[in-house]
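I have a structure I would like to understand better, so I am pasting it below and will then ask my questions one at a time.
Labels run A, B and C following the written order; every chain starts at residue 1.
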Amino acid sequence: MEKISIPCGFLWVLLLSLASFTAIAIDTRDAKLTKYISSCEVNPQSPEERYRACQQHCERTQLQHRPQCRQKCIDEYRKEQRKDDNPYAFEEQHFTTIKSQHGRLRILQKFLDRSKFLSGIDKYRFGFLEAEPYTFFVPAHYDADLLCIVLRGRGKVTLLRSKGSESLNLQKGDIYRIPAGTTVYLINIDKREKVEIAWLIQPISTPGEFKEFFGAGGENPKSFLKTFSPELLEAAFKVNRDRLQEWLGQREGFVVKASEEQIRALSDHAGGKGLWPSGESKRTINILRQRPIHSNKYGEIRDVKPDDLEPFQDLNVGVALANMTQGAMSTMFFNSKSTKICVVPNGEGYIQMACPHLSSSSSEESEQGHGDGGFIDQSNPGYVQVTTRLRPGIVFIAPPGHPLVMVASNNQNLEVLCFVINARNNERTPLAGGNNIWNQMEEVGLELAFNMPSEEVKSILKSQKKEWFMKGPRS
Amino acid sequence: MEKISIPCGFLWVLLLSLASFTAIAIDTRDAKLTKYISSCEVNPQSPEERYRACQQHCERTQLQHRPQCRQKCIDEYRKEQRKDDNPYAFEEQHFTTIKSQHGRLRILQKFLDRSKFLSGIDKYRFGFLEAEPYTFFVPAHYDADLLCIVLRGRGKVTLLRSKGSESLNLQKGDIYRIPAGTTVYLINIDKREKVEIAWLIQPISTPGEFKEFFGAGGENPKSFLKTFSPELLEAAFKVNRDRLQEWLGQREGFVVKASEEQIRALSDHAGGKGLWPSGESKRTINILRQRPIHSNKYGEIRDVKPDDLEPFQDLNVGVALANMTQGAMSTMFFNSKSTKICVVPNGEGYIQMACPHLSSSSSEESEQGHGDGGFIDQSNPGYVQVTTRLRPGIVFIAPPGHPLVMVASNNQNLEVLCFVINARNNERTPLAGGNNIWNQMEEVGLELAFNMPSEEVKSILKSQKKEWFMKGPRS
Amino acid sequence: MEKISIPCGFLWVLLLSLASFTAIAIDTRDAKLTKYISSCEVNPQSPEERYRACQQHCERTQLQHRPQCRQKCIDEYRKEQRKDDNPYAFEEQHFTTIKSQHGRLRILQKFLDRSKFLSGIDKYRFGFLEAEPYTFFVPAHYDADLLCIVLRGRGKVTLLRSKGSESLNLQKGDIYRIPAGTTVYLINIDKREKVEIAWLIQPISTPGEFKEFFGAGGENPKSFLKTFSPELLEAAFKVNRDRLQEWLGQREGFVVKASEEQIRALSDHAGGKGLWPSGESKRTINILRQRPIHSNKYGEIRDVKPDDLEPFQDLNVGVALANMTQGAMSTMFFNSKSTKICVVPNGEGYIQMACPHLSSSSSEESEQGHGDGGFIDQSNPGYVQVTTRLRPGIVFIAPPGHPLVMVASNNQNLEVLCFVINARNNERTPLAGGNNIWNQMEEVGLELAFNMPSEEVKSILKSQKKEWFMKGPRS
């Protein structure tokens, strides 16, 4: 394999270097490159590696050609991503990382940049916040609503609004909302464990685009205050520019170390009058404290519904947590309405899903979104099997209507935590197990549907007695 | 004409064959082809014929070039469609057909694929279900909400949810909803007449994209169950793979013949506990049983408002049915808010409509959606006359604000059935007839508006006494 | 400068003329043009001038090449616009003008045509209506909802619906709504002053696209009635075509002069039964009559909230009016949720804003919307300073979360009037002045946030005592 990949990578970069001069050359590259890439499908280089090689090359081209060159790299990368046969799973390389010395923000790429089949959730973004023990995440506001779940660690978050402030003590499983435009800061009050928080992000200004607004003075990131002209800052704060310069130049990074004393002082602090405009967050709710809605020795599932917590109501978003014991699996089921964005706080296993949209997109046509346009006779629907290995760090999407099974590994329990988009009135519909929907059909219906004596069909459908969670496959 | 068309078609295919090798050639084709096509506008070949010729040609090109070639055919087709001077009417060739031996699904192309002026309804799809006498449409669910109207025939539909099931007896004019993720099956209980049902489809996963999920075992379509690995199926159903294979391999097609006994058994069956989550379908309503809101000897119109039937409420969709007697026509009117998607269950005639958006899109610029971008001085608005022949099988769109007249032929009554998108608070505004809005204006207003003595204007506006429906034109 | 610009303009047109023949040439033009333009960034020609030169050139090319040529001009213009470092301000050249002899409509380009960062408000359009003293704006309806504010002058508007009509007397500061599909006409009842009205337009048919439907007979614009076939008009109005021709051919222009008598007759007229469907406009509200929510000697601000006026409720749009006395400025603040579309009825000054989205779009990648796609490590956020001179005629956008300061000139008061999109629960968050949010932080928080003794931080934050409005910078 190495043998193949090296010449390929080499050839490609060569092509690129030949290709940065005239538009004609660029167009040739188009075709040659596409051709080249398909002829190299076997090569071990990942699309990401190819992308990096491409970008590095661009840095060596003439300044005026760089933008075109860079754009080309991106287009190629996206073209390959589109070929991607599992657009429902995301790994490390699909995140943008904003680093600080003692913590980081990891923001998932736009869903639509990954696949047109995720356009239904493209108004959302997804991300993780991580802060080391005994640290302070400096105040910032966002042009987005944040729905947050604590995945690990203990912390305290403070929200500042013009009408008042509020502090929330956080532990694993806590769910809370940060309304758009709220200035918020966080401390990790634990001496040893880092705090990790998952964010469902709903931008309010530009769909799919949002930014961090760091106000408190400092560098890396710069405070937005420094963007204003000195004379405006002087007039606004009634302080001369030298003092302001000093004031805004001290801090380094957006997650800073805090001393045990500082942590104690901040965590003891009562925290806020808690005046809120109606329809916005007042409290937190902890999903681990919910009673399981389904439970047996193979697993259990917990739900937080949009109406269980005020801040969810206008978003119509819920949260679900499934635990499967090692060697067990969920039943085969689908969600009637919801799209789920899921993470794996702990454990290992895999999910298998039947995906009809992908099958029809195998052809260029529908990959361009023209699938069933015009009078083209569409072959009857087919379903593609999509299997995703589950482990901490993976993010996967379960679209509505798509039948799926979640399987825990044989040596570890599996924990799956999901944001449930469009949660209101969603129903999990079991396709196997004691409560599978087929059992509601009349005998004649079963006969016609399966073209088999109904007794035979029924004996198959009634064989598995367990509901929701059951013994997994041997292997 | 033939004389012209043959060399053109020939030339074109020739060009294509020359053009499948290098990117440069492909780009040349771009221009040459466009040029060619415009120079051949006179030729009798329909865009569809040209499209087929193009696709056939691609099959003969080298494998690696086929995707590009196919894409090119589609682009050319769409380009021609865009030139299309009536984007508000759809015929046979604009449907995708999913065939089974005893029935079929016909799904209309995406509205946006037809014209940017339909982007307002692009989150919807439209389609027809047809099943022959004494047949069974096998269970399936959809990642879309379906709003259904029975156009002809008698049937019985059963809806399965995890919380229960429900059966509805269907006859012409019945309106009902199938909530997303509901498993549904249908029987045609009539010995002679086929059942035909119109669907307004609202995808919930990917806007404008939806799929059929056929669960019950079989081929053509394959059951989605077959997508899962054997070991998972075994674990889920607790049945060995040979029996499962057999179980899932019997049925052929998604609309199967049923015996008289089977039909009787199914139609007699009581049908379901009818447990529903709030906000979803409980009942059906029949538009033929509504009292006409306007009626005279020339025609009548019936309405079902979003609040008349629970399942409509959250969709803000209504239904309207207009009947015009032969030789009659509707008044000239427009809808204040609604976009109507209409079919013609019976009869013949035509609709004439004044379309301002098309006039401004005559230039390339606004066809690209740049119409009034920038500082380009827009000529004052103009209106294009769009006339569509009405007959069963036609689907047409009436956008809000667009003045129109519907005319029945002289030898048949005309029936027009419409899904009313954004129906709440819509008003039909009559521009002619006894109740035309001009009659509300003060005399001086009429004087200034028409620059004519108000008496003269009033005598014109009062000449036609009939309201809503009136005698049509002679011809 | 002139020296540079002339050869550039010349070169460019030359290139274009060479470039209109084969696809290859056209592609070359692509690159050469782009290159040319970047090499000419210094030249004084405005993008608009370049655009006009380009369009004029196209008129001289062969007919068959014109569409491509024209499209190219537009693409180049848009490409330059995208480079535009302040997409939040609009001037004369960004409007489309529809002229009549005694008045005009000025419609702002689509927001998305200006910048992807305005996609959040792209479903809206914006415009101005102007009518000279003693004139009549002829009846028309629109496939859009209009939210209107009178900027100057006095008038009377009459709204016609099938269910009734209503007249509203208008003066400066009046806010009212014209529901989609309402036929409306207006008189300027003042002998000297023209009437000017700002429109927030929400198209209901095609997002971002709307049209004027002029019904009353006449030329320039033609009445849409003239679009229909003579036989249909005869049947609809029961009047022979000669009389109809005459009826529909009299008026010239859509804003016509009216005599003092006509004006008096119209303004005296009682006006309408005022029957309205629920959820639509019943009244007007005047923002000048609202009590200021904040006020001191440096300025004051008035609000109309979505729930203050029935027609606002379903749109969730409000209106805000800020007045700053000469030499004063607003505090530094941001809006938590709203996007504001603002005009300057009177006065001069400037606005300074911190814009993080622009900073990340400096690279081609994110200009294409791929900014944080994939695994590209995003540099920590930066903020671009955007300063816009304010004067009558300017339209500017204030996105949510973006910190800004408005400054009045030293010799004139500044008036800023804004439509507030997504107004419900919006909070203005002050970053400076007596009530700045930092003052809510605990001492240790301030210490860590600014990495400075909290006493020092507090003394800076408490130095400026004024709230909301304060003394501006010297210069």
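Throughout what follows, a contact is a pair of C-beta atoms (placed from the backbone, for glycine too) under 8 Å apart; a residue touches a chain by one contact, two chains touch by 3 or more.
Keep in mind it's a predicted model, so treat the numbers as computed, not measured.
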Problem - Inter-copy rotation, subunit A to subunit C, in degrees (Cα atoms; steps of 5) - result: 120
Handout entry: Proportion of interface numbers common to subunit B and subunit C (over half same, under half different)
Key = different
Problem - Between subunit C and subunit B, distance of the C-alpha-averaged centres to the nearest whole Å - result: 35
Fill in the blank from the handout: Within subunit A, the set of residues that touch 2 or more other chains is 24, 27
Exercise for the section: Would you pull the subunit C residues touching subunit B in the complex into a rising list? Expected result: 22-24, 26-27, 48, 51, 64, 67-68, 70-71, 74, 77-78, 81, 92-100, 107, 109-110, 113, 136, 138-139, 141-143, 158, 160-165, 179-183, 185, 203-207, 209, 211-218, 220-222, 224-229, 231-232, 234-239, 243-244, 247, 250-252, 254, 256, 258, 262, 265-266, 269, 272, 277-280
Exercise for the section: Name, in rising order, each residue of subunit C that touches subunit A in their complex. Expected result: 24, 27-32, 35, 38, 116-120, 329, 331-332, 334-337, 339, 352, 354, 356-357, 360, 363-365, 368-378, 380-385, 387, 399-403, 405, 407, 422, 425-433, 435, 437-438, 440-445, 447-452, 456-457, 460-461, 463-465, 470-475
